[in-house]
Each structure stands twice: as C-alpha cells, then as structure tokens.
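The structures considered in this document are given below.
Below, chain A partners chain B and then partners chain C, in two separate complexes.
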Partner chain A sequence: MGDTLWLEPEKLSEVKDILSSGDPEIRVVSGGTALSLIMKQGMFDPNKIVSLKKLQSELRYITSDKAGNVRIGSMTTLRDLEVDALIKEKAPVLSEALTHVANPRIRYVASIGGNLSHGDAHLDMPPILMAMGAEVKIESAKGDRWLDLKEFFKGYYETAIEPDEILTEIMIPKQAEGIVGTYIKYTTLSNDDWPTVGVAAFLKKTDGIAGDSRIVISAATDIPTQLFDVQHIIDGNQLDKTTIQKAAEKAFEVAEPLEDLRGSVWYKKEMVKVHVRKALEQLAKE
Partner chain B sequence: MKKQVNFILNGKSVSAEVAPHETLLDLLRNDFGLGGAKETCGLGLCGVCTIIVSGVPVSGCLHFASSIDGEEILTIEGMETEEGLHPVQEAFLNNKAFQCGYCTPGMILMAKKLLEENANPSVEEIKDYMAGNICRCASYGQIIEAINEASKLLQQEKAGLNA
Partner chain C sequence: MALGQSISRVESKSKVTGQTDYVMNMTVPGMLHVKILRSTVPHGIIKSIDKSDAEEIPGVVKVVTGEDLKDFDINYYYGPAFRDQPVLAMDKVRYVGDPVAAVIAESVEIAAEAVNYIDVEYEEMEPVFDVLDSMKEDAPIVHDKVRPAGSFADLKSLLPQSGSNVCLHYKLRHGDIDKGFEEADHIFEDTFTTPAAVHLPMEQHVAIAQIDSEERMNLWTANQSPSFVRSEVAHVLKYPENKVRVKVPYLGGGFGTKLYVKIEALTAVLALIVKQPVKLALTMEEVFLTLTKHATVFTMKTGVTNDGKIVARKCNVVWDTGSYADIGPRITQKSGFTAAGPYDIPNVHIDSYCVYTNNAPAGAFRGFGVPQLVWAYESQMDIIASKMGWDPLEFRKAQVLTEGKEHATGQIIHSVGLDKVLDKLDTSLEWKDYHTNRTNGSVTQEGRKIRAKGMAIGLKAVLTPSISGAIVTMFADGSVSVYSSTVDMGQGSDTILGQIAAEELGLPREKVRVVHPDTDVTPYDTITAASRSTFYMGNAIQKAAEDVKNQLFEFASEHFQVNSDALTLQDEQVYVIDDPAKSITIKDIIKGIYKMPAGSIIGKYVFESHYESPDPETGQSKDIAIFWFPGGTGVEIEVDIDTGKIDIVNMVSVGDVGKAINPFNVHQQLYGAAVMQIGQALFEECKYDHGQMINSSMSDYKVPSFKDLPDHSDTIIVEEPHPEGPFGAKGVGETASFGVQPAIANALYNALGVRIKDMPFTPERVLRAIKESEKEQESSLVGSTVEIKGEK
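And then the complex of A and B:
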C-alpha cells in the first residue's frame, strides 16, 4: 500500500495513452466518492490513479443534438443533472430521482460516468437510463465504440469497460410522442439510503392501450434487469387492473433477487411485485 | 508515492505532501490541526466532515487529498473574518441551534452553500438540502430556525451593500 501514483492529465488523449497498457491496476477516478471508499476499506490498491479532474471542459456538459437526443459528458455531476433545465424537460424522471440520491454533498461531486462505471447494482441512474434506451460511448487509444446500456452491466460490480477504456458520453435518445415514465425507489433503511428495489417503467399510451413498454428492475438483482416477460403482458393491452395485476404477478415470478442486509429473496420478490404494480398504476393515471 | 499539493486553505496559500489513500479530512486534521470537521460515519452519510472545496461542500471523509491541488478550501475555522462571525454562525448562536455542537461545523458550512444557491428557502427546501447532515442531539427544529434567520441576515446584508 502507498505506492499509488496520482496522475492528472489535461487531455482525454493523454488519459487514453496512459490506459493503453491495459493494466487493470490502473484506475480512472471522476468524483472519487465510490473509489475512495473502496480504497479506504483496503479492498483495492491501484498502482496508478488517473484523475479526470482536469477534463471538465471536455467531459462535463449536457446538450441536445439535432435529432433531439440528450448528450451528457461523463464528468457531469449528479447535481448538474438534477438542476439542469434540459434534463427537466427531456428526462424529468431522472431529475426527480436525483433529488433522492444520497445527499447534495455527494451529488455535487459524484459523476454520472462514475455512477455507471461503478457497476454497483444499488444505483438509481442505471435502471432509468436503461428504460429510456440510453447508450454509452466508450473510448480507448484503439478507437471508440457505442454500447446500449442493456449490454453494459455484466455482473456484480462488473461492466463492459475494459481496462484500457474510459466512458466519455451518455446518450439518451429522444423519447417518442406519448411516452410516459416513472421510477420508484423503495428503501428499507433510511429514506436516502441506496434502494432495496428500484423499478423504472416507461411505456407509450395510445387511446388507453399500452405499447413499447420498458420495465427495468434494479437493486434487488445483481444487475439492472429488463423484464421482457412482463412487457409482453403489458404491450397491446389496456392498462387496467387485470393487466397490471398479471404484470405484477409475472414480475414476482421472473425476478431473481439476491439476498442482502436489505432483505431476503422472498421479500425482495414481493417488493418487486408491489412496486411494479405501483409504477404501472401511476402510469395508468397519467 | 506522496504527491505535493498546493492549495489555498482558509485564505492562505499552503502546500502539503499527501499519500494516495489520504482523505482531505485526514490531511486537514493531522497536518493542519483543524479539528472542526470530524470523521464519524466515514461513508458520506452524516455530514460531520463537511468541507467546502472551491465553493462546493463535500464529504471530507470521501475526498481524495491528492485531488485538491489548485483548489480553495474553506473549513469552519475560516468562516470568521475580521468583521466577526459569519451571519450563518450568528444565526446558529442566536437560535441555540445545537446542544453538544458536534454536528455544527458541518451544518453551518452546508447552510452557507444552501443560502448561496437559494437565498430564501422554504422549510421543505431546507429539510431536503440538509438531509445528509445528521444531528444526534436532534436540534433540527432550531437548526431550521437558524437557517431561516441566516437567510434574513444575509438578505439584509446584501440590501445594505446595495443601498
């Protein structure tokens, strides 16, 4: 311990050069709210830390492109997103959820790139962004690639980012006309705790008939999980009591939660059911 | 490997040698003898370690000391100026917004930033913003009153300056 070298490159290209050796002992740091905790607990001791602090002019932005998609630089803080007018307009579910993430002190520092790259199952941004069809840009000295967030989370604290890569941008596609969405964060410890179960639900309503639904559960499971079987029940049907009940039962059946201090497997399955139902009831009213 | 960081601490230029695992909180307590911010939960939850880094309150217990090169650091010890206590400090005293005082430095720094962003917050807004600062003595009622008074004091001060 203690041999770690702290680097503060001033350009993205320099970061990519440093990472190009592919050494897994080199770690990128954005806000540091997650990495500092892991290092303090002695769980990880990288030999180099590459701070992105000086890349704010390159990687801290929120814009929309010509097609109406929202583009967010990976160093954008959770607080930037929470108060941003464009996000409030294009992704209000995200702004609202952010008011319940940790506390303002953490949100001022934690970045959206760090939130996704951390790969922790108990985070609130991944299910919402996944349900909205977000994609991420991953860059390395070898080139850039885009990945659908659905393919990004690989396991407990595991993502598709390779050691020589860095996440640089998040793209939220323009949501079609008539799409409604919600996110329910259910906590069992304190109000601002990490979620026990998170349910993000987006769908399109046409004359009361639901379609194009995207139901993603998180926190209970090791990675944010889209419930396709539940979506099949919803799509093409009236969002009435029967459909909602069937969808919730299906969610109970297909969810594969992990037991932890926030609840047993059975309890979390029940909570998935309850909150899928609540999310759909909310959307039925909109 | 230690890294040299140069920064402004409560208005003065200083430098220090920091280890990669070192937190800003440990640096300020151990190398600079500033005891106002304290490690309590060590997890970012309680706010007792609040420190302002270039205008933004952070949890000192989760902030890499190596990252503060070139930043301006403000701790509770730097709040008092030659003109006296900061209005937020005055308001906490006037309202007896503490019992043991353990959480107070963090509360004051957090409230300072709140009032910079929102000069006249509602009680709900105060509660939301201060939710990550815990007071074991549960002086919450008085803390909210103090922030309300500080809001008035700061607005008066501003009006006075503009007059």
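And then the complex of A and C:
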C-alpha cells in the first residue's frame, strides 16, 4: 500500500487502453465502497487503480430503448436507481429493495456496476436483476460482449469479467404483461445487516395459473442461484397452498448453502424454504 | 433553579457542528505514529523476533519489542487488580492479539506497512479456551506468577491464587444453605451462559504521549479514568505522580472499554524511548481484541416452599477473564455478591470464580457483570413461577428486598425502590390483565407470529469504596468553574455536574463551567464508571460549592451583622432571609473581601465512602455498598415461528435514580442502556476459532441499528431518594441494562413454551428450540415420559 497509482481517465476508451495489458494488479473502481473494504482488510493490494469517476457523462444514465428494455449505465448510483421514476415503473421490486440496501451514505456513492462486478453473493441487486433476466455489457479494447447475468457470477467474489474488461451497461428486458415479482431480504444479525438469505421471485399469472417463473436465491449460496427445479413445480400450476408448499420443500432440497456467522447449513436451508414460501404467498395474493 | 430541569447538553452544539475536540483528531508538532504487531498464536513463548527488514523501511523510526524494554529502568507490568499485563509481550504471549512489537514511524501508513515485515517465531504452548476446562487441575497455566496491584482499597484483599488459572475465588455464605434446601419443597437447578461481547464505542482507543521540556510525561487519551492512568503510568515509568500529566477531552463513547490503562502505558513508554511525541490510535478491528465483556457460566440452584418463598439459593458463577485479569477480580467480587438477586433469601451460598483463559482480556462492560447475573436469576424466577403455577410478578413481590431488609451480604438495605419498580412494570405492561387472560402467546399473522410479554428486575451495588475530589472556583464576576476528573464520555456528566454546582450556588446553569480532566489541575477521582459519578462527584461538587457559599456567607454575615444561617443565596445575591431588603451581590462580596474587583473564592471537597471490607470466608459486611440501585425491564415481543426471529414491539425500562437531576438525561441513559442490551440479547457474540476472533469487524459483528429499535419504548423514572446522595440522587448509567435479556427470554417462554439458557437468542437458536419443543410435544402425545426438571 502507499505505492498504488491512482488514475482518473476521462474517456472510456482510455480506460480500455489502460486495462488492455490484462494485468490483474490493475483494478477499476467506481464508488469504491466495496474495494476500499477489501483493501483495508489487506485482502487485495492493486498496484494501479483506475477510477471511473470522470466517466459520469458516458456511464451514468437510466433510459429505456425502443423495445421497452431498461438500460442502465454502470456508474449509475444505487440512489439514482432507488428514486428514478422509470425504475419505479419498470422494476418496482428493485426500487423497493434499494431502500433496504446499506444506508443512504453508501447508496449515494455505490454504483450498480460495482455492485455486480464485486461478485459478492450477499448483495441484494444480483438476485433481483437475475430473476428479471438482466444482461450486462462488458467492454474491452478487443471489443464488446453481452452476457446473461446467469452466466456472470462464477464463484465467491468471482465474475466473468476478465482483467482487461469493464462492465458498462445493464439491460433489464421489458417484462411481459402480467409479470409480478418480489424480493425478500432476510437478516439474522441486526436488521441493517447484509442478508442471510435473499429470495427474488418473479412469475406470470394467467387465470390463476403460474408460468414463466424465475426463483433466485442469494446470500445463502456462494453465487446467486436460480432454482430451476422449483420453477418446474410452479409453472403450469395453480399458485395455491399445495403448489407453494411443494415448491418450498423443493427449494429446501436443492439449496446448497454455506455455513457462516449468519447461520448453519441446516438453518439456511430452512430459511430458503421459508422465504421461497413467503415470496410465493405474497405473489399469490397480488 | 437548575435542579430537576431538563437542560440540554452543554456540548450538543459543538458536537453536532463538528467543533468538539477528540484525541482522535489531535496532533502535536513532531508527532510520530505507532502500529502494533499482535500475536497470531493463543499461547506461546516468543523464540525470536527479527525486525531488521521493518526498520529499514524509509520513514520507520524504530521497532520496539519486549526485549528492547529491558534496556530501560521501568516496570514492565500494569493492571488495576493484578499487575499481570506487560507493556509489550515479555517472552510469552497469551492470546491472539497480544501486542508483541510496536512500529514507530513518520506516518500511520508506513507504520502499518512495516508491521508486515517483522518476523516472529513462536514456540506454541497448549492453549485453554473453555473457561470450565481452564479451572481443571491439569489445565495449561496462563500466568505462572501473578503480581498483586495496590491502587484500589477494595482490591487489596483480593489476593491472586498462584499455580492455577483461578485468579480469584469470592465466597459468600449467608445462613445455613443445607438447612435451607432441607426446608424447601421444590428445588430447581439451571445453568445459564453468556458469550463474550464487545463495547464498540464510535471512537476507538487513542492516546498521544509527549515528553515536555521539564521531562514530564504528558498524555492525551480517550480514557475513563485519568487519575488511575496518571498513577499507573507513573508506576510503569518509575516517575513521581506529579511528573505525569493526563488530559482527557470528550470521549466518543466508553462503556467500560476505556477504563484503567489500555494503550496508555505502551504509548508513554514509546515516547520515552524515541524521545519524540507519539500517537497510537487503534483501528476498530483492534478494539475487538483489546477488551471484551466477560463470558460467564452461571449455575443456580434454588429451593422454594409450597407457599411461594425462596428459602435457599446456591450460585456458582464462573467468569472468563481471558488472558489478563484487567478488572475481572473486582467484577467477580462486587457483582458476584449480588448473584442471588434482589430478594430476601435467608440461606445463600455464592462461589464466584475469576478465571484466566487464552481468550482476549475481559473487563468492565456497562453493567459490570450484573446483566450476566440478572439474566440467570430472573430467568429462573420465571422457570420456578411457571412450574409452580404462580404469577411471576407476585412471586417476585413476595420476596423482593424492601426498606430495612437484610441483603445476602449482611447489609441492611435502604433507599431502593424495588417494589415501586415492580409496580411500574405491572401497570405499564398491563401485566395483571395479560397474565390472567392469556392462554398462551397471542397469535397474529395467520398463526405465523406470536406475541407475548415478559419482565425482569435487577439490583446493583455502586462501587464502594471510592473517592471523588472537586474544586469549585468562583471568579470576581460571579462566574464559576468546576474542576472535576469525571470524564464526559457521552453520558452528559458535564451538564449534570454543572447543574449541581449551579443549584447549590443559586446560579443559572450558564454561569457554571465544568473543566475537563487534567490531572495537573483536576483532583483525584477513582473512575468514571459504575454509575457512580452523579453520586460521588456530585457530592464532592455540591460540598465544594457549599464551601464557596459559606465563604460568601461569612462576609455577608459580618456585613449585615447576622448569623450565617439567617442568610440565603439566590439570583447571584446574598439575602437576609427575614429582611430581604438587605442584600448584597456576589460581585460586591468578592470586591469586599479582596478590596478590589479581582480575586476568586475557592471551595473544595473530597468525598469518600464509608465501607466495611467483607469477611474473606463469608463475604459478609454490614456496609458493603454506599448505595444500591435497582432497574427493571418489561417487553412485549413478537416471534416469527418460521424463522425464530424475535422482534421487540414494546420495551419499558424502569429505573430508581433517587432524584433525577436532569430528567431528560436520565431518560436518555435508561433508553441507551436498554438498546445496547438488545444487541447482546439477540445477536451479539464474539466468535472464536482456536482463539482467533473470526468476526472482529463491524461487517460481521453487528450492533443494533435504528431498524432494530423497539416499535414502542418507554422509560420510567422512580425516585426513592438516598439520604447521602446529592439532592437524593443515585446513579443511572447502567440501570436499564440489567433486565433486558431475561425479560426477552421470559417473553419467549410465554410465547412458545421454549426456554433458552444460552445467549444470544439468535433466530437459529430460537428456531431449534421451537423444533425441539415440537418434537417433545409429539413424543409426549404418544405417551413417553418427559423428564420433569428441577423437581426433588
């Protein structure tokens, strides 16, 4: 520490040039709320930090495209998203969840790009965005690529972003007519803690029959995990007590949580079950 | 006048506008910075330390190890009860986090970097982490030799035991315990545990040491006991006390972790070694390793008769004091003697053990051990009441200590409003109605959440003996300065102590200023802790102010040719009571005394408690505490039976404060102490893996946030005046900390019939208990016998 070089390029192309060496010791920083913590703990000590601070005009935006998809620049802050009218309309679950993320001081500086790139399974945005079918744009000097969030998270603090790459945009596809969704954040220590279990549930109800369901759990597992087996139980069925119970039991069965300070494997499996049930009960009422 | 007024804090404005000086923000010219290298092994001999690489780093001034200290003529060990803690590890380390070396550098960053370049080789020794294992005869010994300390009168009799990890065994024998159990119709025995927890004030431990041109040691430190720091640092440096000056500005919180010497001895020694000012500021992560609250194992056996009287109680309390005793021995004794609860019990037997382990040192924590005890005795009160079919409130009322009754220590109790505290809990919880009408917890939200109420009371004895000195100076213009070594660490002592002086002198509060502790200037005070300052320092200030008043009266009585007792002081004037036309202003009196409009009137007082040291074999004393103060907590909780999570919907804290000098401040103290305990009750716990704390950061060790506050809270003041208190006041800083944990545990039992005896009540622990009790109920349905616990 101390020798770290701090760079503040003014163009995205410059950032890509700097990163093009592929040196893993070079790190991008957006809001810095996550990176500063791991640096302070001595877990990571980059020799160059590339701040995206001066790329506000290029990377801080929330718009919708012609197809009705929402497009979010990676430097958009969590607070921007929380209060944005378009997000409230197109992704109200996200706006609601953001009011329970960290605290206002953090939300004013933390970016959505940093939130995803951090690859921490305890965050609240990844499961929601994943359940909504979001995709991310990853750029480098070599070119751009789009990736479904389902393929983005690779492991504990590990994502698909290569050292020469940078995440620039998040695209939330237009949700089909009749889609309802919810997110439950469950904490076991103080109420402002990171979640012990997060459950995002989205599905479409047609005449009481559920379809197109997307159930994603996070925090309990090392990466946000979509529970396809649970979705099979839900899809095509009445969202009644029996279906919900079966889905919850299935979630218990397939979830593979890790034990940590916030709960044992047994307890986290129980909590996955309980909160998948609670989430579905909520959707059944809507 | 000033008394009983909710005057707002004198420092509020400066704090919220960021003007307040804290040691954390202070610098002195030429100051160097210190970072500590800490032991990575729980128990071991230091074989070698290679610091050459670290010392070569540009900006590093020096790396100091225990070995280096041997070049200096100083004492290496310090501590309030026993001098068992080295300035830096000497030969041996005793816990993961024990300071092994200190880097002194030009910047914090360089010092932090250099710490990584020191190589230490340890020869590991077998560690002991479990406090009960540590009491066994074949346990590894943490301290081969323990040196007694001599600073406090009450601790002189606490002789350490050598060759054992039990560093203190306190005994209380009252009545005939065997006979008591014979008389009992039912006997209950339960064990309750409390884990280690931490204080986490917003401001970490921080100190600056500077040797001045007179070769005196100057210390600025965030510490709750400046007088003790002066004498203990003087002991370490082998300086006379007047060559050590300790200054303490406002603290960003204390809660017990900043008592006695924490980092001050090391900071002072380093300044001595490099002959330059040094600053040592711990990181929050290091605060976790510096001091914890005692983890305890408390086994309580109680005998009751069929007509609802407790006739015998046997308490076995084991305190894990960690690697250094700190103030553990005093907690073991002074809280130990309250272990049987605030009840009139004829036969009591207490064994309280202070035990070394290779865990982080444990010491004072708001409540000073009493919450760990109340947690057990108030849980058991409800266990007994429920088993016997009694109303837990009536069961308490039937034995609660009231005026003139004898406490288990042999002291006759007076001025404790325990019965009033119970009455307030009764009405505020609507207890009678609740207790008679409830079948079980009331069910809400489609049967997934259950509500229930619970209560608990506790009693603490104030630190006795102790001393507070104060000087009150009145200047020629009639304004006043109060010189006191009480530390305002956020509890509002500057405000209240100033109110006491103002009241005595008939002045508006704004005319009085309280000078912050500076051992060159402010007189000796034992400590700012133990809910003692309003009583002890308040007394000293009241009497010092009275001294000033008497001097004013002396002049006025001659001036008017009347007796002093015919005079009164009001609105900055002395009046003749029977002839108010005869009056003279304070300014004129001072002018009269000194024949010029200058000079000052100095009043002083040293308040000392009376005390009778307890008999070493029986713990009996007719005068063990100068005052006792009770508190009670009532809660209504909502338990989610799917997750086990407890939500506190209502919390009532009741405290008998004698007299509320500043009612708003008193409410704040009650509320703050209670909220702090919510964290301890529900989720706070230091977690260790082979002695290494694994949640030593605020990311993983959570404290209550605004989102954890009860939906509704009440704080209720009871005033049972104490004849020796200033205007009848007792203390309040810890009062609301006593009963929170058992009140919640009792409510949980009332909700679901599950009894938890280990803290904290995490959702997982509660859910497990719920599942187990469901299983038990199922098995009892098929006819298997359920063991009836506690029955004779």
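The rule is simple: the second predicted complex is superposed on the first by the 286 of 286 C-alpha atoms of A that agree within 3 Å, B and C clash if a C-alpha of one lies under 4 Å from a C-alpha of the other, contacts with A are read in each partner's own complex, and residues count from 1 in each chain.
Operating definition for what follows: contacts are C-beta pairs under 8 Å (C-beta built on N, C-alpha and C of every residue); 3 or more make two chains touch, one makes a residue touch a chain.
All values derive from a computational prediction rather than experimental measurement.
Judged by the touch definition given at the top, the superposed model places A:Leu37 against both chain B and chain C.
Judged by the touch definition given at the top, the superposed model places A:Asn191 against both chain B and chain C. Contact with chain B, but none with chain C, is seen for A:Thr99 once the two complexes are overlaid on the shared chain.
Within the superposed three-chain model, A:Trp146 lies out of touch with both chain B and chain C [touch as defined at top].
When the two structures are aligned on the shared chain, A:Val274 is found in touch with chain C, with no touch to chain B.
Shared-chain residue A:Phe228: touches no atom of chain B or chain C.
Applying the stated contact rule after C-alpha superposition, one finds that A:Ile49 touches chain B and leaves chain C untouched. In the superposed pair of complexes, A:Ser264 makes contact with chain C only, with no contact to chain B. Counting residues of chain A touched by each partner, chain B versus chain C, the larger count belongs to B. In the three-chain superposition model, chain A touches both chain B and chain C at residues 1-2, 37, 191-192. Per the touch definition, chain A reaches chain B in the complex via residues 1-6, 8, 29, 32-33, 36-37, 39-40, 49, 51, 53, 99, 102-106, 108-109, 191-192.
Residues 1, 3, 19-21, 23, 42-45, 47, 50, 56-59, 62-64, 66-67, 69, 110, 128-129, 131-133 of chain B touch chain A in their complex. Contact residues on chain C toward chain A in their complex (touch as defined above): 109-110, 112-113, 642-643, 645, 679, 683, 687, 694-695, 697, 699-700, 702-708, 762-764, 767. Of all the residues in chain A, the ones that touch chain C in their complex are 1-2, 37, 41, 186, 188-194, 261, 263-264, 267, 270-271, 274, 278.
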